[in-house]
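Naming follows writing order (A, B, C and D), and every chain is counted from residue 1.
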Amino acid sequence: MSSSTLVQLVLLTPLVGAGLILACGKRPNVREMVTLLTGVTLFSLVVSLLPAVMAGERPTFTWFEMFPGLPIAFTLEPLGMLFALVASGLWIVTSIYAIGYMRAHHEEHQTRFYTSFALSIFGAMGIALAGNMLTLFLFYEILTLSTYPLVSHHGTEGAMKGARTYLSVLLSTSVGLLLLAVAWTWVMAGTLDFTEGGILAGKVEGPMVLVLLALYAFGTGKAALMPFHRWLPAAMVAPTPVSALLHAVAVVKAGVFTVMKVVVYIFGLDFLSASGANVWLMYAAGITIILASFVALAQDNLKRRLAYSTVSQLSYIVLGAALANSWGVVGGSMHIAMHAFGKITLFFCAGAIYLATHKTEISDMRGLGRTMPITMFAFLIGALSVIGVPPLGGSWSKWYLALGAVDAGQWVFVTILMVSSLLNIAYLIPIPIRGFFSSGPDSVPRAPIKEAPLFCVIALSLTAIGCIALFFFADGVYQLLLPLAGG
Amino acid sequence: MTDHTILRVVSKVILPYVLLFGLYVQFHGDYGPGGGFQAGVIFAAGFVLYGLIYGLAAVRRVAPPRVIEILVASGVLLYAGTGVLTMLRGGNFLDYGALNPLHPAEGQHLGILVVELGVGITVASVMIAIYSTFAGRGRA
Amino acid sequence: MMDNVFGLYNYWVVIFLMMTGFYIVISQRNLIKKVIGLNIFQTSVFLLYITIGKVEGGTAPIVSEGFNVYTNPLPSVLILTAIVVGVATTSVALALIVRIREAYETIEEDEILAQEKLT
Amino acid sequence: MIKQNLLALQIVIPLIAAPLCILLRRRALVWGFAVLVCWLTFGISVVLLRQVLETGLVSYEMGGWAAPWGIEYRADPLSAFVLLFVSGIGAIVLSSAGLKDTALDEIPVSRQYLFFTLYLLCLTGLLGITITGDLFNVFVFLEISALSSYGLIGLGGRRQALPAAFQYLVMGTIGATFILIGIGLMYMMTGTLNMADMAERLVMADGGRTALVAFGFLTVGIGIKMALFPLHIWLPNAYAYAPSLVTAFLAATATKVSVYILLRFVFSVFGVTFAFETLGLGGVLMFLSLLGIFVASTVAIFQTNIKRMLAYSSVAQIGYMVLGISFASTTGLVAGIVHLFNHALIKGGLFMAMGCVMLRLKSVDIEDMAGIGRKMPFTMAAWAVGGLGLIGIPATAGFISKWYLIRAALEQNWWIVAVMVLISSLLAVIYVWRVIETAFFKEPSARAREAREAPLSMLLPTWVLVGATLFFGVMTSTSAGVAGRAAEVLLRVIP
């Protein structure tokens, strides 16, 4: 099979999977088998494309022309490859986890859940493969809509309210700002194709670059740049596998991926850094990093603390893009993968704790390490990776980001990265520490070991191992991403 | 109005002339002022007069609503049918000349006569229908 | 100046009728009166068309000896159609009023609105 | 014979069929016949569009009288395009009025044959307006369609339909009379009723006060007919209380045809220079349309009757069409014209879905619709897709219109307008999402618990329209392509 056929298959697999899942709705075992099978098929398809992309091939194909000169087209390039790998790989793990979680929890509407899940992967794949900004926008909206039923899954008043916030922030930013940016780019540049070196050089000047960049950065609501971050904590009403999807697999990653893609392929690194418009974006990202960390520190609800941690971590990636130099871009892109593994582990653990003990507040989790040792250990690994301690994956991306900041002469941001790492330690590490070393409430006798369902434990162990593995495979990721930086 | 003898007698005398005048206006339309619209209204006026004097039931006996409805339809059909016929004959819609290719003038004469008849039937029956519907409301 | 007032008197009549009809439609709450206003309004337009078609000194547009100035027949023909449309509109309006009266027991707009608010 | 008389047949077939419906009378018979006629009409319009795209202009002389004197029927890309979707939606909507258990049941059995007659007459009128090249003929067809739609709305089973129809009648008649005055004044000025002829003579006549007055009367009259804010007050009630099928048909076609008249008068008769440069029509239209978009969308958010909510949304959507027109640029016109088409599909589909809901729930109140998504998944899925189209989510037809609209605004550097268009679509998100949330994620209401899925005969036409919304959301070469040709003709880029 030619690589461009493979790319089409990558796109169609989750869509077909969604249809099959819907068709098998009456038989849960078959339905979940289909989910897993689809995930494995998708992942192997993506992996099979990896050598070609590493070798410099850029498989391309066009579906049809939506507007004259503006087709729905797809191109697979390194950044998209990375995103597709992360999303499709973590989808398998998340599915395993979801099977355990949803069954243990006796959730209703599971067919709708798995179908929407597959559809959102379809959206994520479309975003990863998009060959121009219009295609990306199309799948961006598909992703928003297909995740809505997941967020409002419980159907309670609280869930609906959270889902409403989720949808309204994401839709209003994308329709209100991003679409404007896209249309404007089209009017100015006459093309929306992702081109190496960008398409805006010489087409836009002066303060307009700044406005356009702001439209893109804030319009990509999924990147959760403050003040458009509120949807992330609001979406915490969803079941934990959905939080994993939102924070690690697809949604937020799609957001930062879009920002990265816009910076690299629409603006072009040279043009952006020459225009100087990127500096304010660095500050916006820097402020978000610090502020969100402080907010996270104040949260007692574990999932909410993790949510604000995500807001902060996402801005690392935006910062990487904003630095607009090779180190920054590589570091930022790498952080997509690193943060994905770290954060998904943390969420899996949070969900497992909730399943086993029904605890959601951090203050209640003292001594939990003794009853759930695997979970808590995985949590520790995830936390360390997010903080950026070697030998865990997160350390590499932070290293490159810091290099990028130095390279750009922005010492402020080196400081910010350091401070934020300290804050990370402050809000993440106490949880496992308390879990292992402080004893539980005095009156309660020590409970025996009681882990979450097997499926969940397998999933979270896998991702924790992934965090460690990524430290050693970081060079592969680096090699993959090198062409982005024009090297 | 059963006890107004004068009205009853006079209307009976007038009625045939009203209808006749209606027909005159209808068919004289080619030569002088007149035509389907006016004729239809005059013709219907006869029925309305009859109804006013002898009551609605009497009109409905002479012109049952269902028949009137059919007449409304067939008047329109007569009109449009002529147009279709001209098309079948190879002319444009309502190109009466096509009715008689040898003498277009005669064809036009015939065409306008039939079309006006259609108009007349429709107008008359619509007027009667309107009258009898309004008058019959709340009593039927 | 006087020419404008008296020479164009038929236009003044048209405008007067038009405004009268329009005012009745807007101000009256009784549905029948509204229809009457509508009729006056339409009639004014018919008159406007007749005025347009009139040629000074022209006769009825039927070819006969001794006349060479004829009134333009087209506006009259058009207005005949418009009159038919007007009749049709009036009858539909009246039919609706009859049914409104059956449904609401009134043909006063205020009272209909009041009933709608309640139910 | 057929090819030569195509333009006449387009009108004559439904016209003849209308009285025949009275003669047939029996529901099954009438339905079969009327549906056949509608599809035939649609077929003709398809052939016509292809012919027009090949040759540019098709003209026909009624009764064999040559153009400036006789009545001319003519089809250029714009009118052929409008003919196509009006007859197409007419056919699809009528197809759903099948034998048993359909939205037609809202109309008392004794009057059902009248529904078919009036429906076909209304269709005739709408097609006639579009196809004729004669000004007075426009008025006549306008009244044919208007009178039959007053009747259609009055057929509704609920009594609120009657005052609604009456209000529509009064407003509609005033509008039509205004148009009549305008036509009369223009005849007075130019001595012709043929549009093409008049356009030429108007250039020579050099406008003047009469042209100004005529233009004013026409614009206001058409404004009423197409429910341009703030002349829209007749529309919400009429659409809310009419039988669902009637609403679906009228909402998708009637106001669109009125917009078509506006395009015809402004661009083909008066010309861009007079209307936009001399009179500054663009500014007025832009102001009114933006105001209409915001006010009507906001009002829509607070409606509890969903049909009424959609009606207000229609007022807003007409604003988008007029906004596109107000730019008087090629892209702007494409946006306006393509939105005629796209919105017809979207609203047609949405109101058809409401017909299904009405059939099963006997209500379209938002409270009664709670949880209906589980009982009527296909109906409400169709509604959801239509709703997304209304918002303008990519891959739906609504996005295409919005894209062109934003582009048109940006091309002329009207930032604020582009931003306002985008913000206004967020208002659509609110009123659409209210329904989706209630229908899918709330506990079923008492009525919803007893409901079941609508019959296939209703679902199929609904999904045809919704499917078309999706299809024309990605394959735009037909819709936007033809709209592009039409825009060029209107702006006289190509003769």
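In this text, contacts are C-beta pairs under 8 Å (C-beta built on N, C-alpha and C of every residue); 3 or more make two chains touch, one makes a residue touch a chain.
Nothing here was measured: the structure is a model prediction, and the numbers come from that model.
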The chain pair with the larger count of contacting C-beta pairs, comparing A-D against B-D, is A-D
Most remote chain, CA-based centroid, reference being chain D: A
Based on mean C-alpha positions, which chain is nearest the centroid of every protein C-alpha shown? D
Centroid of chain A to centroid of chain D, CA atoms only: how many Å? 44
Just give me the whole-number Å value for how far the CA centre of chain A lies from that of chain C. 69
Distance between chain B and chain D based on Cα centroids, please, to the nearest Å. 36
Mind checking the centre-to-centre distance between chain C and chain D? Centres are C-alpha means, answer in whole Å. 28
If I count partner chains per residue in chain A, which residues reach a count of at least 2? none
So chain D residues touching two or more other chains come to none
Specify, in ascending order, the residues of chain C that touch 2 or more different other chains. 95
Pick one for the touching-chains graph, please: line, ring, star, complete, other. other
Within the complex, chain D is touched by chain A residues 64-67, 72, 134, 137-138, 141-142, 145, 149, 152, 155, 159-160, 163-164, 167-168, 171-172, 175-177, 179-180, 183-184, 186-187
Okay, in this complex, where on chain D does chain A touch? 388, 391-395, 400, 402-403, 406-407, 410-411, 418-419, 422-423, 425-426, 429-430, 433, 437, 440-443, 474-477, 480
Footprint of chain D on chain B - complex, ascending: 69-70, 72-74, 76-77, 80-81, 83-84, 87-88, 90-98
Per the touch rule above, chain B residues touching chain C in the complex are 32-33, 37, 123, 130, 133-134, 137-138
Chain C-touching residues of chain D, taken from the complex the two chains share: 136, 139-140, 143, 147, 150-151, 154, 159-160, 162-163, 165-166, 169-170, 173-174, 176-177, 180-181, 184, 187-188, 193
